[in-house]
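Look for chain A in each of the two complexes below; its partner is chain B in the first and chain C in the second.
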Partner chain A sequence: MVKRFYFLILVVAFLWAGSSHGADTAQTMNQTMLPGKSRSVAASSSVQENKVGTGDARTSAADRESPDEEAVDEEEEEGEEEEEGEVSISDPLESFNRAMFQFNDRLYFWVVKPVAQGYSKVVPESGRSSVKNFFSNLGFPKRFVSCLFQADFGSAATELGRFVVNTVWGVGGLLDPAANKELGLQKQDADIGQTLGIYGLGHGFYIVWPVFGPSSLRDTVDIAGEYFQSPFTYADPWYVGPSVRAYEGVNSASLRIGDYEALKEAAIDPYVALRNAYAQYRQNMVKKKEKRETPAPGGAKPSQRIFQ
Partner chain B sequence: MAKINPGTIILSVFMMMVLCVPAFAGGPFGPPQPLAKDSGGLRTAVGYWYHEDKFDNGADHVIRQNQVYSEVAYGAGKAWEVYGRVGVSSIEIEDALSSARPSTTSSKSDFEDNWKFFGTLGAKGFYPFNETFGVGAFVQGTYFFRDADDNVSGMTGGAPYTMELRLTDLWDVNFGIGFQATLWRDAKLYAGPYVCYAEAQVSPAPAMSGVRLGSGDTTLQNKTNVGGFMGIDVPIAKGFRLNVEGQYSERFSAGAAITLVY
Partner chain C sequence: MKRCFVGLIVLFVFVFPFTAYAGAPSDAINDTANKVIAILKNKSLSAAAKKERLEVIYKRMFDEVELSRFSLGRNWKRLNPSQQQEFVQLFRKILEKAYGDKILEYKDEKVKITGERMISADRAEVQTKVIGSSKEIPVFYRLRLKDGEWKVYDVVIENVSLVQNYRAQFKDILAKNTPSQLIETLRKKVQ
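Our next item is the complex of A and B:
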């Protein structure tokens, strides 16, 4: 157990050290590891750390005529990019990621979706929503601690209030009375990856994990954090935890069948589309928190709902 | 809202309490009028209930319970509601393990066990006479899913013994009629009579005739079957309400719950 924590601390320290080098390090890593293969997903956002696009899509600093022109060009680019709302993410492991994307794609279409469809035929939507509420309620520690680390005490208090109300009056979290009109305690989307982002840590690079799906080096910490904070991790016998997580995944998938399909159908390259959507979604989460903006209810795009 | 004569209410409640004879019951009944929204909706509650009563098995035994529960209800039109309740309870039976003979000694006299899981199901309907007064009826049943047990040791006829007393299949069913007056700011005062039947199986292992409830397998039943209840339900804030209720039978039982309507 102690070893696991040491490992986690080492990963965080590693990421932190990486972030201190900013965009240059990320770009160097990108070029060094997979020269020419790394894709620029799109033009980068206003956050400099994430400017890691290379090659075709970007004009390198060496090609620029003067520093002034460079600055003007950059500003123009940023303006256009902000309008489009696109964000880039380095992808030095693209071949591996594409393989994992294919694996996850098959896993979804061959296993998860059929099971989720069968499950949704047996369990009505209200029941599945209650299960989702239950697991969401169990995710309180992660959100609460993340809000505290973000010094967002108002959101932490909201999360605490939600947890108490939903646990006590929501039948152990199966219902979500805290979100009703009178109480108005909305779920705070806060996680460890977002917290690290607020402290200036960049994505690192894009990585697609088997089963867990799209992530980044930074957000991988969140997967680990989620693992440790889940009470089912410590359940005995050992297979209770994975079984519950699998059930949670199926239940969650049953409530958004069609979102992934829509994204895939609309995209020329679904892998790139998903990567863009992921980077944008995560970037927006960080930016919204930085601005202390409350996301509008139901404001997420279908492509963003995939990651929620 | 029509003007209420407090004297009439107090007299009515007093008459009901006096006329009612003791009963055994297992939890609050709540206001006769369902609290869920007109269009249909949920209501949840958490509460504490202290229960005290007597059952008869040749000799009277007082039973005490401290119940903590969570309740969920669905209703509509302020006219009907179905509800379920789950909780845990302590159980104590006075003098269940005390010595019944001079030749027998026992290490303890009361049967005690804690954290017994129980469930309750109920339904109620309400008919309003006008904006202020109305009458409702309910039926409610409780079952303890887990057996309760306790051990006693001592000497009988000069020989040592250890006995386990197990309480199984503790259940009750209640039916009642409640009269309700809606007061200022939607506070609801209510009272009414009810009938109840409750029983439990007692099994000693091994049988020990020198211990009061240890002589053999037996069925315990509540001593009397009717009682009276009275309570008030007041809104607090943001959909929360406080319900305080008392029931009188051979002994007095009472509890409070905080309800959230949404």
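Our next item is the complex of A and C:
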């Protein structure tokens, strides 16, 4: 069974390598296929993670107590909130960013939301979920390559397995059978900005792009990366790419109508709220991967679920 | 990015997990969950009656003063005692206004407790997952032991800490304004 599965991965890998995506990514992929261990690494690491996630959660979490966190707690005990653990991002372009925030806000309320609402009346949620899965499946090269650059071969193999299973048995990526209980291959959120972060590169500064939304100098690489890895970018005629991207945007917006409204409603200053949420979210994306790479003193393998 | 805030919708929405996770903090979250779900599923209650009951639970579940104190950080001391009191009230109203209606939109989301860890002797984090029809959102609760009861002082949704997010906002506002101006802004917000 394992052999058969492995063979399938190889077949699809070669097919994929022959398709229109860049030759260099295909090469990297073949190189990792050669040692022939990536699959088993994924299996064993996911088993370990499960163990940690359930039984050993408390003991291993205690071992992993980071010193700065304890320092923060002590400060808090004395009633002096320590703000050093605070996640922040520099914002020299604040006036430009606030203007772009306004623009995106209007774009959402005047264009995206009405369209998404109309669309969600026609297409049921299950259909929209499938469309989301389809686009997510196409994002595989970016996640896979990012995992490789992070030397996270377990996650890379998981992604590869997901791509194969979902493309073959998931009707070209519309369904997500890889994530079910039997296979348990969950999507690995990995991107280029995160990878650069793991290599120690900071955000630079905060930047709000029109249409694309919150980003940073570093994470802007992802907007470009997304563009080049999408097969629709190379489609003919030229307007196929932008149209597909607009559709993808409307589809994903239709699945979370109300989220942005809730954020705005709850915020005292929505611009600062979104900026801070972005900084926290991205920092944790980097942090959780870093924790995975440096084992805790007790020798316990950090679970992916447990991060601060 | 907006995804980070998806979970705020279901701030109070938990479902009894299939296997109860051992540990007092998890039990506290679990107990609250049962009560909240019972209220949300009760069709004989009007929306207003539900909200009223949820507010009682909210007060028991959260350590309001702590939540406010952490959200202000160092600036907490810049407020005089009566301002601090009013801030606590206003902060609750803001959260209630923003999330109250969202919670009533409960659509059978399930919540699973996935883990628990001790941050220190009297602090713990209960890790849960809210499982909806098309998405799963990790929601972590940070609790503190106070007078023998575990009370929530922070909620972390998709890795975004609610308290830290508010702290950034209050810090930004208080860098340019006085505490009384901040209170005034909050008063306008809840009107």
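FYI, the second predicted complex is superposed on the first by the 206 of 308 C-alpha atoms of A that agree within 3 Å, B and C clash if a C-alpha of one lies under 4 Å from a C-alpha of the other, contacts with A are read in each partner's own complex, and residues count from 1 in each chain.
Basically, contacts are C-beta pairs under 8 Å (C-beta built on N, C-alpha and C of every residue); 3 or more make two chains touch, one makes a residue touch a chain.
Note that the structure is predicted; figures quoted are calculated from it, not measured.
When the two complexes are overlaid on their common chain A, residue A:97 makes contact with neither chain B nor chain C.
In the superposition on chain A, contact is made by A:125 with chain C only, not with chain B. Legend: residue contacts after superposition of the two complexes on their common chain; A:213 is shown touching chain C, with no touch to chain B. Within the superposed three-chain model, A:285 lies in touch with chain C and out of touch with chain B [touch as defined at top]. When the two complexes are overlaid on their common chain A, residue A:88 makes contact with chain C while staying clear of chain B. Of the two partner chains, chain B is the only one touched by A:180; chain C is not. When the shared chain is aligned, chain C comes close enough to touch A:274, but chain B does not.
Once the two complexes are overlaid on the shared chain, A:262 sits against chain C while remaining clear of chain B. In the superposition on chain A, A:170 makes contact with chain B only, while chain C stays out of contact range.
Which of chain B and chain C touches more residues of chain A is settled by the count: it is C.
Contacts of chain A with chain B, set against its contacts with chain C after fitting on chain A, share not one residue.
Taken together, the chain A residues at the contact with chain C in this complex read 53-54, 57-58, 61-62, 65, 69-70, 73, 76, 79-81, 83, 86-88, 125, 128-129, 132, 213-214, 255-256, 258-260, 262-263, 265-269, 272-278, 280-281, 284-285, 288, 303, 305-307. Within the complex, the chain A residues that touch chain B are 165, 168-172, 175, 177, 180, 182-183.
For chain C in complex with chain A, the touching residues are 1-6, 8-9, 23, 69-70, 72-74, 76, 94-95, 97-99, 102, 114-120, 123, 127, 133-135, 138, 158-161, 164-173, 185-186, 189. By the touch criterion stated above, chain B contacts chain A in their complex at residues 42, 44-46, 70, 72, 238-239, 258, 260, 262.
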